[in-house]
Each structure stands twice: as C-alpha cells, then as structure tokens.
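Read from first to last, the chains carry the letters A, B, C and D; within each, the first residue is number 1.
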Amino acid sequence: MNHLDVAKTPPMGWNSWDCYGASVREDEVRAHADYMAKNLKQYGWEYVVVDIQWSEPEASSTWYNTFYPLEMDEYSRLIPAENRFPSAKDGVGFKALGDYIHSLGLKFGIHIMRGIPRQAVHQNTAIKGTGKKAREIALNNISSWNSDMYGVNMDIPEGQLYYDSLIELYASWGVDFIKVDDIAYSILYGDAHKKEIAGIRQAIDKVGRPIVLSLSPGPAQLKNGTFFQENANMWRLTDDFWDHWDALVKMFDRTEEWAPFVRPGNWPDCDMLPLGHIGLRAHDGGGGDNWTRFTKDEQYLLMTLWTIFQSPLMYGGTLPDIDDFTLSLFTNEEVLDMYHNLVDRRQIYRDDNWIMWQAHSETDTYVAVFNVSDDPDCLPKSLVNKIKARQFRDLWAKEDSSFETALEVNSHGARLLKLKK
Amino acid sequence: MNHLDVAKTPPMGWNSWDCYGASVREDEVRAHADYMAKNLKQYGWEYVVVDIQWSEPEASSTWYNTFYPLEMDEYSRLIPAENRFPSAKDGVGFKALGDYIHSLGLKFGIHIMRGIPRQAVHQNTAIKGTGKKAREIALNNISSWNSDMYGVNMDIPEGQLYYDSLIELYASWGVDFIKVDDIAYSILYGDAHKKEIAGIRQAIDKVGRPIVLSLSPGPAQLKNGTFFQENANMWRLTDDFWDHWDALVKMFDRTEEWAPFVRPGNWPDCDMLPLGHIGLRAHDGGGGDNWTRFTKDEQYLLMTLWTIFQSPLMYGGTLPDIDDFTLSLFTNEEVLDMYHNLVDRRQIYRDDNWIMWQAHSETDTYVAVFNVSDDPDCLPKSLVNKIKARQFRDLWAKEDSSFETALEVNSHGARLLKLKK
Amino acid sequence: MNHLDVAKTPPMGWNSWDCYGASVREDEVRAHADYMAKNLKQYGWEYVVVDIQWSEPEASSTWYNTFYPLEMDEYSRLIPAENRFPSAKDGVGFKALGDYIHSLGLKFGIHIMRGIPRQAVHQNTAIKGTGKKAREIALNNISSWNSDMYGVNMDIPEGQLYYDSLIELYASWGVDFIKVDDIAYSILYGDAHKKEIAGIRQAIDKVGRPIVLSLSPGPAQLKNGTFFQENANMWRLTDDFWDHWDALVKMFDRTEEWAPFVRPGNWPDCDMLPLGHIGLRAHDGGGGDNWTRFTKDEQYLLMTLWTIFQSPLMYGGTLPDIDDFTLSLFTNEEVLDMYHNLVDRRQIYRDDNWIMWQAHSETDTYVAVFNVSDDPDCLPKSLVNKIKARQFRDLWAKEDSSFETALEVNSHGARLLKLKK
Amino acid sequence: MNHLDVAKTPPMGWNSWDCYGASVREDEVRAHADYMAKNLKQYGWEYVVVDIQWSEPEASSTWYNTFYPLEMDEYSRLIPAENRFPSAKDGVGFKALGDYIHSLGLKFGIHIMRGIPRQAVHQNTAIKGTGKKAREIALNNISSWNSDMYGVNMDIPEGQLYYDSLIELYASWGVDFIKVDDIAYSILYGDAHKKEIAGIRQAIDKVGRPIVLSLSPGPAQLKNGTFFQENANMWRLTDDFWDHWDALVKMFDRTEEWAPFVRPGNWPDCDMLPLGHIGLRAHDGGGGDNWTRFTKDEQYLLMTLWTIFQSPLMYGGTLPDIDDFTLSLFTNEEVLDMYHNLVDRRQIYRDDNWIMWQAHSETDTYVAVFNVSDDPDCLPKSLVNKIKARQFRDLWAKEDSSFETALEVNSHGARLLKLKK
C-alpha cells in the first residue's frame, strides 16, 4: 500500500492536547468519541487522537514531570498508564479503547515521541526480535522539551527492529493514526530526524495497516518538503498553534510557502484548531480553562485559510459542551465540499491589508479574501478585478451575491467565495 | 496574457556567457543563430541570448571593468555598444539584430542587470514619462559583483515608470526573453529583490509581448518559491554552474527541493550547460578556452537530470564548431519527447551511491538512474524493485532492454528509461 | 610617535551630531567652542568635533540627501561647503576654523566617511601623487546608510597614497581628532574594514601630527579588539546611542565585555552623551528638538558608567544654553579625578536588579553601584559585603558616608563611591 | 582566598588524555608522577591530572561506552572505578593517589563532567545535605559528546548543595586542580553553562582549599571573557588540539584575541601539548600510538607561542619514555624564566607569512618571530625595524646574536628573542 493512498483527503478529527495537555483520561476520550460519532461523523470527522504521555501515571497538565517513570512492556515499549486508561489492564494496551472507537465508526489515533525510553536504556531492557538491548540501539540525542526518550540508531538493523516492534504493537491495538513528535523539527539539532522518519515509514509499510503518519513539531523546513511528501501524510508548519492573532497571521507565510507541496496523501499541517472550550488542563496557550480568545471573525478567517489550503482539521476544544457557533464552523457542507475536492490552491495576492487565495476543484473556482488589517473595509476595485467572475456564492453566509455591490470584509475576517461561471 | 502561457514547455536556446563572458560581439551572435536555425531549431531550440554588459564598449572577458562608462540613451536606459554591435547604430538598438534572429525563425533574448545605471544617477539624467530624474528614483543598494547599477525605488510610481520604459524599449526591439540578473538572490542583502521583480512582471504584462522572464542569480530561496511562480518563468537554483563534478552532484539537492515548483510556465533553472567548447573569453569556470571538463558519462548524467527535472536548456558552448557527441546530447528525439511532455517528476530514492528519479507524461512513466559513486556498478536488486516494470527503453542508448539482465551504470553516469507497460 | 601616546587619558569634547545631524554651520561650531573655552576647558574638555557631511551644501538634518554632489578639491578630496563654513573660502578648507579653535586653547576634530567620493570615481578625477585616477583605486563596496563614498583598494600602493593625501590635508588644517565612519563595523559586510583602518593608521603615523583616531560605527566586534588597540584610540561599542533607557542598560553588556581592552591610548567608546538640549536638527533619536529624555537618575547612572569604564566623553547637547544640572555632570572634580586616573576597572557583580563595578587608581579604590530595577532600593547586605571598606566618599553627592546606614539607590540610578582605607 | 591567588603563574603539568583517552590506570598515573618528580619538578612542572571517566570500569580508549554504568557513592557522586584505581577501594576514593602525588612534592588534578550522573537521576538517588533527590535537581540538558550526565538546576539551592558536596569530596581527597568539561562551551546550547560555572566557583571558594579551576572545552567565547576571568583560572580557547599544522596555525587567531584577558590567576588555555609519544589508547588525534606528527620546527613554534602567550603547559605525551628533544622543550630555563615573569604580551604584526609577538617582563622585552609560510626565509628588513634593539639572545638556540646578520627562520618555525638593552 502506498502511503499516499491512506489519506486521500485531509484528515479530520479531535486531539486531546489543547484541552488536557499530557493528562487526558479514558473516560474523556470516550466522551469525545461518542459526541463525534453522533454529531460530526456525517461531515467527515473521524479521528480521535490521544496526545502525549499516555504512559505517565502522574501526568496532570501540559507540564511534563521530568524524568518520571513511565509504564513500559518487556520489550522497551511504552504502554498506557492503567490508572488513566483502565481498559488497558492485563496487557491489553489500547486495544479495548481502539475497539470501542472503531465500534462507533470512527478511527483511533495516538501520539508518540521519537525514540526509545531513557528508562529502558538506563535499565538496559530487551528489544523484540534481537538479543541486543536498549542501551545498544540508543543514541545520545534528546528532545529539548521532554525528558522521556533517547534517539534510536538507524544505522544498525536493530534500530529498525525497534520501530517495527512499536508499529506492530500499535497495529495490534487497531491504531489508525500516529502523531510522532520531536521528529519533524528539532531546535537542538536544527533539522528533522530524517533517518527515524524513514524507519517509521518503513515500519508502517511493513505492517500493512493503513495508518496515517503525522509528524511534529514544526516548523518543518522547506528543503525537506519532498522528503516529507515521500514519507508522511502530514507535517507541522509551525511550532504549537494557539489562539493569538499574531500566530494566526503568521500562518499566511507558511501556507503560501507550502502550498506547492499539498497533494492527495500529503497535507502540510497548520496544527490543531484552538477553538471552542480549551485549556481545561492545558497551560501552554496561556488562556486558562476558557473559550477560545479568537473573535468570531478570526475564527472564520482561520477556518477559511485551513480549508482552502487543505490543512488537516484536528479540533482541539471539548466536544460534549461545544457551542453552536463553533459547531457551525465544522458542519458547513458547502465549505467542506470545497475542502474535500480541491485540486490546486495558492495565494494570489498579498499586501499589508489584504490577502487573497484562489483554488480549484475539478469543476469550480474558489476565492478567499482575508482582511488582515485592523479596520473593516471593502475589497478594493483593483483586487476585485483579479477575480474572474461577477457572481459568486458566499460559503459562510450561504448566500448568492455579486460584485455589483461592494464586498465588505470585517477586520481580521474573511470571505470564502465560490465563483459562478 | 498570463505569464504561465509564455513558456508552456521549458525554454531551450543558447547563451553567450560560458563562451564569451561579458564580451560577445554581433558577428558571434549571428553565427550562433545561423547554426541553430540550420541544425537545432527542428528539435525545439530557439532562444539566442546576449548575456551581460552589451552596453560596455571595452568589455573583453568575464572580468568587468569596474566603474567604466556604458552607452545609454536620453532616458537613462542602457543601449548596445556600437563598436560591438554595429547594427545598433543610429539609435536602432537591438532592433536589427532581433529582426535578423526572427528572420531565421528563432527568438531573441537579452540580459539586464536589476536597477538604473549609476552613471545616470551621478549625472542625474531623465526618466521617460516623468519630470523626476535618475537621482530621485535610485536607491543606495548595489550588486556586490558588478558596479553598473543602483536599485530602483518601487515605493514611488516613478520607479515603475522606469521599468515600464525599459520593457517598452526591449519590446520595440523584438526581445522575446529577458534574463534579469542581481535580482533572484543577493548575497549582500540576503534575499531576492522582490519589489523590483514584481515591477518587471508588471511592466511585461503591460507591454503585452510574450516575453520569457528569467531571474538570476541563485541560489533562489525556497521560501520565495510561490512568489517566483507568480512572477517569473525561470529562476536560478544555484550560483553560476560550471564543469565540475562537485557542482553537478550538488544539483541533485536543489532539484529535489524544487521539483514541486515545476509546472507549465514555471521552470526552475539549473543554469546553462557548460558543454562542448567553452571559455573562449570567459574565465569564471577556470578551465580556459577548452572543451568541457565533464566526462561523457557526466554529460549523460547532466542531461538526464536537466531533462527529467525539466530545467530550461540553455547551451553555453560554441555552436559553429560543435562536435558530434555534444550535438547528440541535444538532438535525441526520444529524450526531448519526454522533456517536452512530463506532467510530474520527483526524486524517489537517494543514498550515497545511487539516486533515482521518476516522472510521468500523460501516457508514460520514466525512470532515471544515477550512479554518483566513483565506481561503475549494477543497480541493486532492492532498487530495481522500486521500478514498476520489467521491460524498458533506454533513451540514450536507443535500445529496448529488460531487468532480466543487470542494469550497469558507469561511475558518474546515468540511464534514462522509458518503462514498458 | 606611538599612537598610544596621543590620548593618554580618555578624550573629552563636544560633537555636533546629536544637535545638528549632518547640518552644523560654522557659527554654531564657533559658539560651542567659545563656551567650552570659557566654562569647560579647565575640567579637561577640549575637542570640538564637526560631524558628518560638512562637504554637502544642502545638508539640513540627519537625513542625508542621497547621491547629492559634494564639494571636492582637484585631488578627489572632500572640502568644506563654503555656504556652511564661510571661512573655508579660497581653498582655505578648515584651516581658519581650526586656527580659531586652537586660539581658544582647544582642539579641533572632524568626521570623515571611509573611502573615496563616488562622484570622484564616476568623474574619474585625479589622485595626488600618482597618475592613477579615482576609478582605479576605488572598490565596489559601500556604506548601507550613506551614498557618498566607495571603498579604497589598499592592495595597491595608490590606495595608501590617497589616504596619505587626506591626512596630509587635514594635518595642514590643524586637525587634532578624526572620527572615521563606516569603518569599525559594516552591517553589509559583517566586519570592520581592517585594511582601510590600517592604512589610515599608517597615514597618521607618517604625517607625524598627534591626531586622535576614532572609529565608528559600532558594534565593534570583540574578535577585533587587539586590532583596534593597535590601530586606533577609540572605537564604538554600539550603534548610535540615544536617550532611551533600553539603550543605556544594554551598555552594561558591552562595557563588561570590553573592559579588558581599556588602557592608556585605547578608550573603547560608549558614544556621545545625548544629554542637555539635543535634536535641534537631528532626528535619529526620535525625541525632537528638546531636552534629553533621560531622568536625572539615569543621567547619574550614565555618567557613572561612562567615567568608571573610562569611555571618551563627547557631549552631544548644546553648550550656549546648557542648564546647571547638565553642567554639574561635567564639572564634578572628584568624579573627573577618578576618570583621569584609573589603572583598572571591571564589573564585579550583576543580577537582574543590581550591577556593581570596581576600579582602582594608583592610590584609590572606587565602587559604582547601579540600580537597574524599576524600584528604588537599598543595596543588599550580600552586595555590601563585596565592598572592602566601611567608609566611603559619595562622589556625586560630595559627602562622606558609611555602610552603617543602608545605601539607598534610586530606580535607574547609581552611586559612585570612593572607598576610605 | 581570591581565586586569582591560586595560580599566580600559569599551571604546568601532565594530563592523561592525549596518551590514554578515557582509560588511564593508577599505575600509569603513578609512573608519570614519579618521572615528573625526578626530572621536571625543578622546572616548575607540578600538576598530575587524571582526565575523563575515571568512574567507568570498562573505559578502554577515547571512545566512550555510551550509557554504561559508572561507580557512584550514596550521594550521587562519581567515585573512581576500583578495577582501574585499586587504591580507591574501601571508599577511599582518590585520597590515596592524591597523598602519593603530594608525597612527591607534586599536585593532583582530576577531570569532571558538568552535571549529575544520569544514572543517579533515573535511579533517583540521594543528594547530600537535603531531602531532595537526584531527579529533583537535574535539568534536561546534556553534553552532545558524552552520555554520562544531566545538567544541574542552579535556580534552586539544592543545585548548589550538590556542587558543594562534590567539591567537599574532592578537597577531602586532596585535589589541587579540577578540569570541568562540557561547561566552557556547548555546541548544542551555543554558549557556556554560566550558572553552573558560578556554582562551582562558589563551591570552591567555600571549601577554602586552593584548587585551580580549569574549564573545557573551547572555543570559549570572547563575550564571556570577563566572566571567565571572575570565575576560573583557565579556559579553553579551541576545541581539542592535536598534532596538525592547521590546528596550530589557527591558534594564532585565538591567542591574538584573548591576549588582553591574560593576567595572574587567569590563563586562557591553548590546550594540552600533543608532543612526544602520544595516542597509546587515545584515538581522537588520528595519529595512532606514535610520536607527535609535528616537525621539530613546528614544536619550537608551538612552545614559543604557548610560552609567550602564557598558556598553561599541560604535557599530553608519555613521560617515562620521553626523548631528549621533547624534554629539552620543557626544560629550557631561559624560556621558562620568560614564561613565568611576563607582565604583558601581544601580537604586533601579522601577514600571510610572518607573525610577530612582543612581551615584557618587569625588566626585559621579548620578541617572538614565527614563519608560518611553507618556505624558510629571513625576517624582512621592514619587520626587523619593528624590533627596538639590535642585539638579542636567541632563547631556544641559547646564543647571543644581532640583526647585523639576517635572521633566518625555518618554515613553520619560530625564534624567541630576548632583546638586549
């Protein structure tokens, strides 16, 4: 199976990080899956992803407990902390949770850190399929922001064996989506860990299960663009994204640069959507346990950029108590129809106030107009002239309109237009 | 006219730099045009490009005469030095030479430096279409390697007027191709001069003539990839390319990175082909007045990479005394058929010894196999398995073959294969 | 004469930049000299320095008139603009002004830009002492912030001849101090222009006149520290310094780093004192035509750092209308006694709130205590214990005191203490 | 005790790294101490230093055994591996070895890595003087080239307690010299680990024993120059130095830059002398178990630069089988007299072929002349003129001479001259 066939359209789902940091529990995951199955599945939302440190019994927020012991099996592989994931008892791992999610018609995702647990290395535990032990396959390289792992030496076959054993385990659990962290960009080492990426790719190809491979964190580097295309389905364009206008407006730079790398199976990733109710036990964003700090206009702008660029859509807020407005952003069928069917997309104009993107499906042309200035304004005539139609459908407003009347766009807001032929 | 319609297939032609540096003369240009019309035109070769400093009467090699006076018209625009281009007399400029080249069924190209002549600024001469003078539109920025020009201030309308007046003049001469230098990357300022690129784009769009816009020098930066796509037809991937294996092997990095930016009208540029007889009055390559220092195998490898990547092909050697081997590289109809018809192309494998590319036309699949090691070798089984066919056509050898027998590839050599279905 | 003998103590004087930018006029210079001779000379203040672009007739502020013609002699040397310096008429240059300043018992300084005028190069004018012309000794390198000059080629003897001719001219005018700009650090080229510095050093050594050599702008780089010591008397530690607390507090980094390079004849330079009335026709500081924006406490802190580090003291404000407080900063005999007699000095403590320096003269120990926090506070006991005396003289307050009572220091303020034995 | 009083003259001794890498054994250390006491002590050589990883039982060369267990006491402090240092048994540590070295009239030095053992952190062992455990004081930062340690958190008092406990232990062993590694410069983190340096300084000050503090590796950064002066006695100017001409000639850059930081108690460090017989079990230099690859001329040049700059002299070769030539380099009383008594020193000239240094003691002037070209040559007249004497003593040749005759200097050679008044 070619990895480009695994995610023919951009993945959509929910991820636990923006709400729970490193501390999500099984009941919370199940509650989100339940809601998704009932209310979002019909719109294409399907992945339920358990983010970082599900092996750490004491994890209680985004702040990692440095050097704390993790739950691990006999082959140096991390397994779910039973106190947080009760169904994992008796060596079942995530199998029971995965089964439950699948029973809802959804797909199951997990987060892992690149490498082998440091505790395995210092205890020199076994590696499946070889007499070599953890110490012998580990490399003295680390993540700067998490103390759990060492790198794996891919220059010896036992390094690949370790990753093979990981993916084999995850496949046995029914995992459909793996977000590998500390791998797409390392501040400390200034690049992607490419050998380990290639090894994980190979391990997934071997196991045969259609697993989406998502690489973090960003900023991924453009020089690795084709490498990412050959090895992964998603890769992060920036460091963690939170609900600040500054971070949102910078995404225009990165999406412009990465647009030529978007294609079926390859979806450069603008990161989770910090919308709705977030920060319950996650502190990184700085907003506390609260509703997104983005204005409604900024949320339209965000969703317009993410969808016309075809970023994966991974919701970061809570689902059980989601509000109508947030829900409306995820269930607009005309927007999602565009999102699933584009064949090209690119920025066609940018100045200090206005940004425009244009995209095509096999049948239609779409234009997105972003007002990044601090004042509401009408799209200037010279920019209207760049649009090769006079009539259009406003996809968020769900109404037909024309350029006979001026196109007003709120400050920090956007319009997403489907052109009439 | 959309600029992407101007060069629907990658431009092919001859450029005077690798032979004559800054010093080419009209008789030499005509002689190359004559040869091309007779022997290469039928294969798609069509551009005849006069490279840098055709306004400098004393130019005699690649070494610029720093701060020397240039020939200039009343509107601060450089014009051909009459002692080198006799047909330019009486204010005719390059019109006569352009007409001659057109009469052969070929197209005419010129090189210009970004900016306005420093001599215009210090003499404070006129700008067409405005009362403002040269001093008022110039910016204190320079090329580090040539002393002819200052930058143009695009933040005032008169800056655009100056570029408009340039392109208007060139269009009146019948120019079909403009190579703008000191613009795609500046060592001194660390980026492209984007405002001036956009201004030149606008000036060409206004004049309406289908002129290919080629930007130099490299290395163009990936972050500007979509900007280049929106504004130019070609842009250089590296600094000047000469006949050294080290430079050739580095081109694999750059082509891999830039492959996603290739599309009709956009042809990232691997630079001129320093093949055949070069260095007559050009010293930069270091090889003197001599035949290319590339081995035949390296030449096959070079042509294979340039064609499967779809780089423009601009021959740098002499034409009147071209040898049969060099000519054979430019006239292989099966290779050129691939070159003109690809719809995608990318590197699919790389290690220290082997590099593989794969490309598709609407109907066919092509694989290029490069042996970058210092020994001849057969393509390893594991790499043969990456190729989804057992039978193929070897395009350089012009023979059918199969993977039943081992595929030998010379050191620094390549095979270009069209797969059988 | 060894250049270390020229400025045995740090130079003190007045410079026209902070008041007048590039536009000071002769009457203004004379008025400042008059005041200095009457009121400051007895305290050691002696240099009167005419800053940049005294050759430009139209200069009216800090904003340079790009590419404007300058007044120049037959040997490609800039001379004073007569409309601004009337005594310069009849080819007298600055001789008359220099004579006047000397008649007051003061010393005369001028500013020059590294290099040869661009207008000389494009007009290809003569160089004294050689048949070579301006074009032949110029290099294609520039200042990024001023369009007057090109670099001089020091790899040919005629480059040195040009600088010799400059210094010869200045010596004939009676110049005692030369501030050479665009030479100690170039943003564009990332380093000092060391060959031209060495050439100017050589030219001054040849002419025999004791001329202080001051190099601008900063930040000078530490790796060039011994080179600067061997070639100059002063060199700038930062880019232009203005009356902002942020800039002032950063000077603690630079002075700490450069303290080991201070010795008689070598005075790393913290830049002019933007105190008193500044900005009359100078805009760079951003404060307009106004009194310094430093608080009194900040001014004490500044003067304490400058004097204990032994930076040159070049006043930037107006003299004729100077106020009593500013004057008191320049005429404190106990502070100046320390300033003239130190044999070592260094930072001995730094945290986020407190910085301490200690220095010695042959006979005494001095301690400076800086409160860089935003609140007034008493020096903590642990820091008091670093001071090896219980009694001291407070030099700004001019009173004896002891550590029996807490040493209060205002926010952004300083105390300068002479320890009792 | 002020740390500047500990090493009033530059430290001289022997270090085990260049011979034995990480693997030196007690018998070898004793044999070197014996030889030094008998043959070198009278010349000022006194430190015997056991380099890295004396806690690792399996260490056998320069190649570290990644993640191997180390011998450690109950307080998370590394102790000597008894199989390598038999006298360390019964918890004696290095006390017995130290006593032996002291009994010879010599001084004892050890190497340590910055930080706390990773094994202590993962086993969460005790810290002396606090209830906090290893995990609580460790930071997730590492050395890129050795896997033994984590950083220590100096922002909590327990971090200081740990370093206090280390130095207390070493003082109880009679340690006179500590070389702390992975602290003066980190490639991974781009700077010195300043907080840990300050903590070690404080710990030594508290313990009261006169211990020389030596910081590795380089390149130390000039911006930290005064910080190093305040906290250490020696700090490394470059990465490890081996017997290659390229490395030797680069030392001229670093010594020029650092000369202003040399003063009693502060001896910027050019690294060990890879002379004589080296590489017995050390592989980094690449020369194998062999005699130095420096020519005799290069060895004179090296010793001339090290002594006139007043670098510490730490011999890296074997002592028991030292040859007469190498010994002669270390026992030249006239050179050592200069070395011990200089009050200033600096480079006074440099071009592509010649470098000159000048230095003064209280009574004498010294000049070193280095021929860094590839040909023997006589010192040019213009450079002879920089020397303010006509008669001199040639310190290596031990003969009086004059500039009446040309001063020949071998290629890659040097002359060290004491000028006659």
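Criterion: a contact is a pair of C-beta atoms (placed from the backbone, for glycine too) under 8 Å apart; a residue touches a chain by one contact, two chains touch by 3 or more.
Here the structure is a predicted model, which is why all the values come from computation and not from measurement.
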item	value
Third chains touching both subunit D and subunit C	none
Chain whose average C-alpha position is farthest from subunit A's own	C
Chain centre separation in whole Å, for subunit B relative to subunit A (CA means)	40
Intercentroid distance (Cα basis), subunit D paired with subunit B, Å	55
Subunit B and subunit C, separation of their C-alpha mean positions in angstrom	51
For the subunit C and subunit D complex, residues of the former touching the latter	222-223, 225-227, 229-230, 256-257, 259-261, 346-348
Residue ranges of subunit A touching subunit D (in the complex, touch as defined)	66-68, 118-119, 121-124, 135, 138-142, 144, 146-147, 188
